[in-house]
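Next come the structures, one after another.
Shared between the two complexes below is chain A, which pairs with chain B and chain C, respectively.
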Partner chain A sequence: MYDIKELYEAESLQEAVALRLEHPGARVIAGGSDVLVQMREGRLAGQELISIQRLDELRGVRLDDEGSIRLGSLTSFSQITKSPVIRKHIGVLGEAVDLVGGPQIRNLGTIGGNTCNGVTSADSASTLHAWEAVVELTGPAGERRLPIRDFYLGAGTVDIRPGEIQTAILIPRASYDRTWGYYYKYALRNAMDIATTGCSVNARLSPDGKTFERVRLAYGVAGPVPRRAPSAEAAANGRPVDRATVEAFGLAVLDDIDPRDSWRASRDFRRHIAVEMAKRCLAESVRRCGGELS
Partner chain B sequence: MKDQFRMVEFNLNGRDVAHVVDARSSLTDMLRNDYRLTSVKKGCEVGECGACNVLIDGECFNSCLYLAVWVRGKKVRTLESLAGPGGELSDLQQAFIDETAIQCGFCTPGFMMTAVEILESGREYSDDELRKLLSGHLCRCTGYENILRAVRKAMHRRLEGPAPARP
Partner chain C sequence: MGNVGQSVTRLDAYDKATGRAKYTDDLCDKSALVLKIVHSTIAHGLVKSVETSEAAAGRGVVRIFTCFEVPDIPFPTAGHPWSTDPHHQDIADRLMLNRHVRYYGDDVAVVVAEDEVAAARAARLVKVEYEELPFVLDVQEAMKDGTPRIHEEFPGNVLAHTSINKGDYDGAIREPGLICVDRWYETPVVQHCHIENHIVFAYGENGRLVIVSSTQIPHIVRRTVGQALGLPWGKIRLIKPYIGGGFGNKQDTLYEPLTAFVSQQLGGRLVKMDVSREETFVSNRVRHSIRSHLVSWLRPDGTYVARKLECFSDQGAYASHGHSIAAKGLGAFPQMYPCPHVRGDAYTVYTNKPVAGAMRGYGIPQAMFAVESHTDDICLALGLDPEAFRRRNIMPVGYRDNFSKNENYFDSFNQCADRAVAYMDYRRKAAAYKKQAGPVRRGIGLSYLWYNTGVWPISLEHSSCRMVLNQDGSMQLQVAETEIGQGADTAYAQMAADVVGLRDYRDVHVISCQDTDVTPFGLGAYASRQTYVCGFSIRQTGQILKDKILRYAGELTRTPVSSLNVVDSNIVRQTDGRILMPLGDLALEAFYSLEHSEHLTAESTCQIKSNAYSFGCCIAEVEVDIPLCRARLIKIVNVHDCGRLINPALAEAQVHGGMSMGIGFALSEQLLFDPRTGRPLNGNLLDYKLSTFMDHPHLEAQFVENYEPTSPFGTKALGEPPATPVAPAIRNAILNATGVAIDRLPLNPHILFQRFTEEGLIRDSWREEK
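So, the complex of A and B:
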């Protein structure tokens, strides 16, 4: 038995928005893999909950009219990994969320929950940052969209206003076109573990495969929120596709990140592995682009 | 709590059932207390150990992290659905016995329901893939090698022979 004060079960998106306005102190529960654990631990004991679990309209992955990949916020990690749209256009996202927890957790946990909890170590978060995802929120005034980097306000805090429900995450066509990426999760165990650091890189090469047209990199657990690495990106953009660029890219990362000491790993260790992860991820991204490091 | 007791209609092990349940119940609570399906074990109750694993619409879920009211309209299967009408063991259960994949038995129902999802996919998996698919379960007695062998054996038998007639 959970220590739930009230459970409001929304049957439609409109009802969920109305419930959010009516009960501003209530927490939204989607899959439950986060909220119910915190409730069991006592941190959320006695909480009012708004369940959006039945809003099947928020499940699934598809291409929208503008060619953006649209992930409904209730899409589970395993649905993302299995999705043909994801496999074809942004396989790295399917691979990243396939490293969350274990199989049962991946059937339960949702992409919306993984971003709304504002946690820096979330396995989806660094990839969504690196691919400049757009967050869609639906509230009493209708829809609002914002870049994912503006959605994260601080550790555990995201930009969700009264009455709003996160309804989708979009990856614009300009972001995934001719682009391939790789995610590296450093953790102590292969399953049921949280990332010590997560690194997601993607690259687009010039048509002749000799120049980096666009490289993007984002980390989880390199700061209080997932973050991009602008110095490292600048060190690779427009540069030749060779080992020297990969080295410079890796070293530049140290200007961008600010990890902390925690019981999981020290700041120094995280800085050390961040460089190595960036290099490996970029090298693998090049390979996936069909390029070769000279 | 307003409406503390709510009607939940769903399909449990092939039977349509309806029950009034406390809205604060986990699915584990409801299956154990209201339906006496004690194969659903209470282990960690935070989704780490997999002992309470059941199939919901063909996918595995830790029932400890699932509100009972969420199964409305869904198909839930527990270990109790595996044996035949006369109590005959299923091929999967027999494989666990043959490979000595059981010691205290506490993790076994959870492992078996994940194995059911694996077998029903009709695919052949490598050992590495099987390890990953089984990684949501903790066993503190046998180690995992015999469990892996049992699932692999059942998988190969199903892929080779005619599929056994089981719902």
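So, the complex of A and C:
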């Protein structure tokens, strides 16, 4: 039995926006795999909910007219993993969301909910940051788009304004073109877990495969929100595709993250793992690019 | 005939797989009032006041009972048989709600409301004012002078201390040239994590209290509820439906007394307590964390000269099963690898942590981790081969324990090891893995397991059985040793069918639900003893029923009883094997005969004054990724000698479950506490890392079937033993892979990082000075 004050079911996007304006204190619920858990814990007890489950127009993955990959916000993790568009252009995202919880959660949970929840550990979040995703919101004044790094304001807080619903996440063509990546979820068991740290790296090599044209890295759980690693990226960009670069890339991570001691993991351990993950993810990205470390 | 030994389908398989089987919550009427406990938010202190007015004013709140309103009758909770000798009774240190709270999560008040939401809201609004007392979380700290006394009657917080002394330890260690291996080992607080949380409902009926509970021990809980409420035991009726696992947590009285008390106070209203998973972790029972100090003195050739064990068992806040757990581990120590000079001391100590009780293995998982880790540490120190060293020193055939009179009739240890070694290709791998370098290495480790079935001669051991013949020649069977998911009912049906002479075990209708008004008296499910002890009462009662059937058959067929038998549900003349009549025809005649009508039934009790050793072996192979601080289990086998298998498929399933539990204990599970407040940090299924299907390789279960001579069916314990050798085998595999001995569970990345750093396998040049 859940302590729900009221449940409003939106039949259209327009109605969802109207309900958001009418009930500013209400939480939007999609798959419910986060909201209902928090409600049971008492954190959201007595909450009003607006369900957007019926908005089928927000489901599915496709390429839009500009060649961007468009993920409707209600697309479930398992739909993303199975999507041919994702598999062809950004397979790492399908792999990352396939590490969420267990099969039942992946059938329920949505990419929109995963990002609107604003938590640093979300398995989609570091990959979306590393691939410079764009978030689309629809509100009373129409659509608004912003880079995902601006969407995350702080732990558990995202930039959604009154009346707005997140409607899509986009990966621009320039981001995914000739680019391959790898996500490593460091968790204490192989399913039903939240990352101790997540590391998502992607790389684009020069046509001859000898130089890193562009390397991007983002961590989950290295700060209150997912974060890029600019020092590490700088240590690889324009550098030769070799083991020395991978080592330098890994070590430079230490300038980008500042983890803390907690009962979940020590600072020393988190730093150690972050370096190791960065190196392994970059090496695997090179392999996926068809390159070879010299 | 021939039902025993077959992998027949469980009696409850279809109903459980289709969701038709009724569990406690399925049986509770929707009109029930709901109970919600207010737990303490400090680790130790006195409740000064409980402010309930705001909570009581909420929608749907019926009553709130506080710790100032419950009877001041301390009661014991352990699922042990009662002793009429006061010196052997369990410690009664528990009240239904507590003014003196002794751990973070103790029970202070209970809200009664019309539904779950109203109860949860009200529970959040109850305000408790405390006088805080200093608390202690560490078992050895708790023994020091000046630490807070948790129970007035126990100075130094020592609930019990027992010793063993054999030979002359102090004299023996003076022999020149001995090598001493001296190490400490520690296992964490873990929880059972059965699927169905504890749930209980109660109501009044004709001046008595009826309690329906998810418990392993219906007759024992009936007694403890009577004790807690100060009621004659006959005023309590306890019903136990199907339960979703227990693993020992439900071998304890949990919230049955409080639920019954609330119903009683509300004039017999139907009330229900459905415990949440979070409460299960903290406010039910956990496994004792045990810190063990092992000292072994050996000659350089690997001969044991003298050994010493000191162990400190963390009881938590209340006695529950108390010292029985540490005592069982202490008992294993001198027997497993006999040695002429042995000293042992076991201490069970109160701390301000959740209450430790029975959990699968009952002290043996902790003891096996210490003893079998230490065995490999000895081999490392002396340059000996772990397999050969074990074979040379293990309890020999013919060993007899003077206390229990248990005898080691067979060479089970070595026979189990032979099977495991062959399956794993152990010797080749153990040698090959010694010469590895590089970041990713493999290792293989071995552990034997020692387990002692049963309860006798410490406590009462018995089983009662009732059999009732039906008109069609089928029968009902009742025993009090409960089905708790392990498949006991099916094994009973197989045994009963063979004793009485029924063709098909499905003609034995086992009444799975125990009801203390109806079920013959027995002690429940614990100590891996159900199949063993019920074997006695089923054989005895089945023979009584069969004798009655044959006497009746003699009358009907005018044949001497001595010439008759029941075979495959027929009355058979033994001289020529002719079928004289089907059993069903006989039964029908017996029910409705105008000459001689008789309801053919049998009932008897068998007291059992024996039990049996149950031994085995586990070998585990791991791949250790040193930079990532991860140990991955890649292959594992458990081999058990639990006597003759009553149902091989169910036995294999028991072993799979135990291995899974052992894997979590080895690699990931531990309940953590905030050292500043005593608050449990990870009492939920996300943060407590119960292992999942994805963390297991194929689980290989094999058996050596030596017929146990003390059992009517040649069988002995299998419920708990599979969980006991897995952690030391994995620990020894990591040692084989890396040369790093880790003496504390779980073997998770945090401890691997710490130990690999200490041993120089990880050298982070950037590591900050602390």
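Assume the second predicted complex is superposed on the first by the 294 of 294 C-alpha atoms of A that agree within 3 Å, B and C clash if a C-alpha of one lies under 4 Å from a C-alpha of the other, contacts with A are read in each partner's own complex, and residues count from 1 in each chain.
To be clear about the criterion, contacts are C-beta pairs under 8 Å (C-beta built on N, C-alpha and C of every residue); 3 or more make two chains touch, one makes a residue touch a chain.
Since the structure is predicted, the reported quantities are computational estimates derived from the model, not experimental observations.
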Which partner chains sit in contact with A:S78 here, chain B, chain C, both or neither? Use first/second/both/neither. first
For A:G42, select first, second, both or neither according to whether it touches chain B, chain C, the two together, or no partner. second
For A:S266, select first, second, both or neither according to whether it touches chain B, chain C, the two together, or no partner. second
Could you look at A:L251 and tell me whether it touches chain B, chain C, both or neither (first, second, both, neither)? second
Which of chain B and chain C A:E276 touches, first, second, both or neither: second
Please work out whether A:M1 is in contact with chain B alone, chain C alone, both, or neither, and reply first, second, both or neither. both
Please indicate which partner A:N190 is in contact with in the superposed arrangement: first for chain B, second for chain C, both, or neither. both
Residues of chain A that sit at the chain B interface in one complex and at the chain C interface in the other, please. 1-3, 102, 190-192
Quick check: in the complex, which residue numbers of chain A touch chain C? 1-3, 42, 45-46, 102, 186, 188-194, 196, 251, 254, 263-269, 271-273, 275-276
If you look only at chain B, which of its residues touch chain A in the complex? 1-2, 22-26, 29, 45-48, 50, 53, 59-62, 65-67, 69-70, 72, 114, 132-137
Once bound in the complex, which stretches of chain C touch chain A? 115-117, 120-121, 124, 627-629, 668, 672, 674, 681-682, 685-687, 689-695, 748-750, 753, 762, 764, 766-768
In the complex, chain A touches chain B at residues 1-7, 9, 32-33, 36-37, 40-41, 51, 53-54, 78, 101-105, 107-108, 190-192
